[in-house]
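In the two assemblies presented below, chain A is common to both, partnered first by chain B and then by chain C.
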Partner chain A sequence: MTAVVLAAKASLAVLLLAAGSAKLADPAAFMAAVRLFVPPRARVLVPAGTAGIIAAELAAGAASLCWPSAAWVDLAVLALACGFTVVAGIGYARYRGRPCRCFGALTRRSFSARSLLQSVAILAAAVLATRPVGQAEITIGLTAHVLLLAAAALMALAAYTAARALAMEGVPA
Partner chain B sequence: MSWAVAFTSCGVVLLLAAALGLLGIAHVRLSGQDAIERDGMATGKRAPAWSLTDSAGTVRTSPPSMPLQLVVFADHSLKSFPSVADGLRDLLTDGAPVEIVLLLRQPNPMAEPVLKELGLGAITVLTGSPTLYAKYNVRVGPFLIFVDSHGLVRASSLVNYAWQVAKLYQLATLPIMAAAR
Partner chain C sequence: MRIPVYLEVAQWALLFGLGSLVVVLYRQLGRLLSHDPGPANPGPAVGTRAAPIRYARLPDGAAGQLAPGDGQPALIAFVDPTCPACEQLVGSLGALAATGELPGIRVLLLISDPPGYLSISAAFQDTSLEIGRPLAAAEVASYRATSTPLLVAVDGSGVVRAAGVASTLTAVQEHAAFIARESEAAV
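Here is the complex of A and B:
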């Protein structure tokens, strides 16, 4: 069971880092998607909200990789996954077919039954990741932290570069 | 092997695989037909400004002094597109008020002799750079971009046939003709 829980943690971390970096590459497009869920009176908060979501994804992804035994990180990831599922549900109900920009310009995904199912799958993985594993077993050392952070930075840079190139080219997302 | 080592190893492998995968996805999508169709510059956008010296030592500039400048993105391989060469020759023989320059991506000593062989000796050959090509957002040729004297793009397209050259010229001159009325 430990292997499954750790695999869920690692997969969610990679997913969050990729999503956050891709959104960072084209914040204006993501902001347009966020605006759909914000009432007109609160639109002034959209830029800050957009930045907050991106920062939360990147921070949660990096923390999940570096502190796999920390319960608070699992809870933060679970909270994000709950948010994604709620947004996917509302998007499916009210904005079906509109681009969700969940992964910036990297995907052609829009609000649909498929995206809702994917959000539910992410939520299930986040629930699984909250299952306790022996803290002593997965306490990682400084070298491993550095290695994981370096690989995470490389992956985030790749996601950012790919999403930026696609967004600049205007290839349909 | 402890879980910590397994987690670190698998995490690093997963991250590197994801990085390669994402770059691969972008590469495939940017090489696709959708992306190539979006090459070039939109009409009305400001074209890159440059000043280059041709083989005779004359300095050529963009924006041009003439009402229109046709920048041809190609090299000696233009001979593989005889219909495009016909279209360019038609523009030259019609006496169209357009300065035609062939912009090379890199130095190419074969370009000028080939143009002369094709009857396009009147076209100025300039040596650009991959950076300049990137500024025009051009990856494949033959690609034509019409630029007016204000430095604005009038028309832009990948071409394969003479009629496309003629149609593009027609489109490029439309706003100028409208303004002159």
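Here is the complex of A and C:
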């Protein structure tokens, strides 16, 4: 069971890093998706909100990957997963077929039953990741922290580069 | 020395993550190499006759029609309220229309989204320009609006004089210049 919990934790961290970096590669497109969920009166907050979501994903992903023993990070990831599920639910109900840009230009997926199921699966993994595990299994040394941080940066850079290359294709009508 | 389970799991997660990115990029590369990427420049060919378009005017839903060749030049913009560059184009067209820089030129914004999507963008919600939703996809197919924003300049005789991606004031002015002389004469 410990391995399953830790796999959920590490997978979510990698997922968040990829999602945050891909959004960072094409923030204008993600901003357009965010606008779908913001009432007209509050549209002025969209750029700041977009930046906040991207920063939260990157920070939570990096912290979760590099500091596995920090319980508060698991709760932050769970909060993000709850937010994703709510957004996927509203998107499915009101904006079906519109691009969600959840992974920037890495996928062309739209709000659909499939995206809703995916977000529920992510939420389930986030709940699983909050289960306590033995300290011996997650306590790592300084070298491991640094190496994981470097791996997180490499992961983020790879996702950013891939999303940037795909975003150059343009906006399909 | 025993390696913590987390490190073993994390390295596999990273490996799968990076592997997935490689797959995504290779799929894209394969798509680009095996398929025709389509025209680099969307829009109808310059010199061809523009097709008439029937549309529902937004937000009231009243019937409208664009009839190229009726003597009035037109700037037709294919836009999407969720596309940032389209918002810029709507702003550019609105600014030029407000300052009288498009005399005698009919400006029509065409969107394919339901009327509710206008509220997504302040630029679309606040514009005084005419917005329409085409009633028949076949009528707009000849405009080859494969990407947005697409701006098409049609002269008074219904011939396409310029077409391409545009969003800035300068780009709109360049499109309008192809039909402006004729419209000024008409005014």
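The rule we apply is simple: the second predicted complex is superposed on the first by the 169 of 173 C-alpha atoms of A that agree within 3 Å, B and C clash if a C-alpha of one lies under 4 Å from a C-alpha of the other, contacts with A are read in each partner's own complex, and residues count from 1 in each chain.
The rule we apply is simple: a residue touches a chain if its C-beta (ideal position, glycine included) is under 8 Å from a C-beta of that chain, and two chains touch if they have at least 3 such contacts.
Everything numeric in this text was worked out from a predicted model, so none of it was measured.
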item: Three-chain arrangement built on chain A, chain B and chain C clash or fit; value: clash
item: Which superposed partner A:25 touches (first chain B, second chain C, both, neither); value: neither
item: A:81 touches, of chain B and chain C: first, second, both or neither?; value: neither
item: Touching partner for A:126 - first (chain B), second (chain C), both, neither; value: neither
item: Partner chain in contact with A:33 - chain B first, chain C second, else both or neither; value: second
item: Selected from 20-28, 110-118 or 128-136: the stretch of chain C that, after superposition, runs into chain B; value: 20-28
item: Residues on chain A lying within both footprints (that of chain B and that of chain C); value: 2-3, 6-7, 9-11, 13-14, 17-18, 65, 68, 106, 137-140, 144, 148, 151, 154-155, 158-159, 162, 165-166, 170-172
item: Touch list for chain A against partner chain C, complex; value: 2-3, 6-7, 9-11, 13-15, 17-18, 28-29, 31-33, 35-36, 40, 43, 65, 68, 98, 106-107, 136-140, 144, 148, 151, 154-155, 158-159, 162, 165-166, 170-173
item: Chain B-facing residues of chain A, complex; value: 2-3, 6-7, 9-11, 13-14, 17-18, 65, 68, 106, 133-134, 137-141, 144, 147-148, 151-152, 154-155, 157-159, 161-163, 165-166, 169-172
item: Complex contact set, residues of chain C against chain A; value: 4-7, 9-14, 16-18, 20-21, 24-25, 28, 42, 78, 80, 82-85, 112, 119-122, 125, 145-148, 150
item: Chain A-touching residues of chain B, taken from the complex the two chains share; value: 2-8, 10-12, 14-16, 18-20, 22-23, 25-26, 29-30, 32, 34-35, 38
